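One chain, chain A, links the two complexes that follow: it is found with chain B in the first and with chain C in the second.
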Partner chain A sequence: MTTESRRLDGNAAAGRLADVFVFDATVVRTRCGTCGTSAPLGHYHVYADGPGMVVRCPTCEKMIMRLAQTPGHTWLDMGGAATLDIGE
Partner chain B sequence: MAFVSRGFLGRSGTHRGTGELPPGQYDVGDGFPVLSAGPTPRTATEDWDFTIDGEVAERARWTWQEFRSLPREDVVVDIHCVTKWSKFRTAWSGVSLDTLLAAVDTSAEYAVAVSDGGYTTNLPLEDLVDGRAWIVDRYEGEPLAAEHGGPARLLCPHLYFWKSAKWVRGLRLSSTDEPGFWETLGYHDYGDPWREQRYAGD
Partner chain C sequence: MARAAIRRRLTWRIATVATITRESDTARRLALRIDDWDGHLPGQHVDVRLTAPDGYQTQRSYSIASAPETPTVDLVVQRVPGGEVSPYLVDELRVGDELELRGPIGGYFVWHPDTDSPLQLAAGGSGVAPFLAVLDHHAAIRSSVPVRLLYSARSLGDVIGRDRLDGHAGRGVSVTIALTREQPPGWRGLRGRMDAEAIREHTTPADALPRVLLCGPTSFVEAVADGLVAEGHPTTAIKIERFG
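Presenting the complex of A and B:
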């Protein structure tokens, strides 16, 4: 199987994101800080078969977020420079 | 194969595989799982080089052709992934990091392996010498496939396999330890499978 065929969409991250955010993160409009793509987080690309989960922009593939779960901890790195527009 | 002693299956090459499972691991058998944190980089060999820089008197760089003309070693080793699969007697061919590191003058104690696609992983420099690490470009007699890290990857089999960076393009040497991609996200800084150092604090 190729890497591309194992790639998932952002909805695959919904379960883990629900551990972190009080809102449904998959519908949140997310702007990639690298190329400016604006799309619901559920449309972003997820690579979930490594030790952690990596979320990448569907246009430029830059990493916008990564999550890992280790015993007793959830690690969230949002250093990939994305903006989340969280509506009320 | 249970009656054949691992380590006496070939005349050439370095046999280090013990055929023993570290704690918490299972034998994946003939499978070779592919784990990726992003799209597979596909760097053409004519565009590939390998660089050792950072705290060195003078940076060293090899083109693909120069790398391919260095003395080579065949190695047969067991590998252990932090996601719990182990694979016995994997056969690789490449250049020992003893050979590559001999080209630089450094007092650094740490290295960061830097890969195409932005992946990094940190290792103590002493874990990369004395015949314990290689830059490999062949697997089971064939050019290393891109999904397994080709054109070339780091092979440092005494640590969890996330340390054996795919698509490696260089080492950055430093006097300070600089955690890499997974090491900054809750994974262990060193990653010894025999001490089950999976996560920070293990």
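Presenting the complex of A and C:
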């Protein structure tokens, strides 16, 4: 499969991120730490067919988040995200 | 109500299959009864989790295909050949069976009926499911927002929700169906893959400032999104839900 055909979006990450956050992650305005793109997480690209899930910037394709889950354990790397702007 | 539905922490819960109806040759509508369902917004989805007798678990996301006004929460599941989950849901599941799910999920890919902007929907295959919820909700609240749906399916037998879509067309929704692989004799709709001309001719012009929702296979929705951007639609007006 090509990279393009594997691509999902932030909507596909919402259920798994709901294990971590009490807010709905898809509407959270997220700023890319590399290029500064700012958009709701639902607009970001997601690749979920590996052992973990990777969220990438829709503009520069740099990694924003990585999430891996095993029974009883969740590991989240948000090193690529500069900020999350969470509305009421 | 809707906001509470989005903000509450999600937990896995039990849904009971109330009815199963045929939506196309390969798709079924599973109407689910869920106790204490707090409602949803049209466009939201749920995660369904299946557990094998040996404890192995797998989950999939399915759009909610019913309007918030509907007493059941309906999913439209299309059988994916060789799939791990959909053949079970389409062929094995029976009325009265229970499913584990969590939702509603996602406040991004939704239609908010609170502004007058026209709505442009484009679906590939079973990507029409969330738009069945949008259109039923649009009808239920007697919304005056102009809506157009551009829907691409492989053949007439693959078209999901035909009767409902005919009903919506009858009350003024513009429904255009493109059949990509096989057309019945006398077919008057579109043929083949969505190209720039079809997108230009059968979608709301950019100067009407529509909000756009696209749902379907990744290659389809990205091609339509590119076509709409070329027509002058701002990327911020376009929300996409990809299947992969």
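Here are a few things to note about the model shown:
The rule is simple: the second predicted complex is superposed on the first by the 87 of 88 C-alpha atoms of A that agree within 3 Å, B and C clash if a C-alpha of one lies under 4 Å from a C-alpha of the other, contacts with A are read in each partner's own complex, and residues count from 1 in each chain.
Definition applied: contacts are C-beta pairs under 8 Å (C-beta built on N, C-alpha and C of every residue); 3 or more make two chains touch, one makes a residue touch a chain.
The structure presented is a predicted model; accordingly, all values stated were derived computationally and were not measured.
Superposition of the two structures on chain A shows chain C fitting alongside chain B with no clash. Once chain A of one complex is fitted onto chain A of the other, the partner contacts of A:52 are limited to chain B, with no touch recorded for chain C.
Touch criterion met: A:14 reaches chain C, while chain B stays clear of it. Of the two partner chains, chain C is the only one that A:42 touches; chain B does not reach it. Touch criterion met: A:75 reaches chain B, while chain C stays clear of it. Of the two partner chains, chain C is the only one touched by A:23; chain B is not. When the two structures are aligned on the shared chain, A:6 is found in touch with chain B and with chain C. Working from the superposition on chain A, the chain A vertex angle toward chain B and chain C, CA centres, sits at 110° in steps of 10.
Remark: least CA distance from chain B to chain C after fitting both complexes onto chain A is 11 Å. In the superposition on chain A, the residues of chain A contacting both chain B and chain C are 4, 6-7, 49. On the side of chain C, the complex with chain A involves touching residues 6-7, 9-10, 45, 47, 59, 61, 102-103, 105-109, 217-219, 222, 236, 239-244.
Residues 33-40, 82-83, 118, 147, 162, 182, 184-187, 198-200 of chain B are the ones that touch chain A when the two sit in their complex. The part of chain A that touches chain C in the complex is made up of residues 4-12, 14-15, 18-19, 22-24, 26-27, 39-43, 48-49. Against chain B, the residues of chain A that register as touching in their complex are 1-4, 6-7, 47, 49-52, 54, 56, 61, 63, 66-71, 73, 75, 77.
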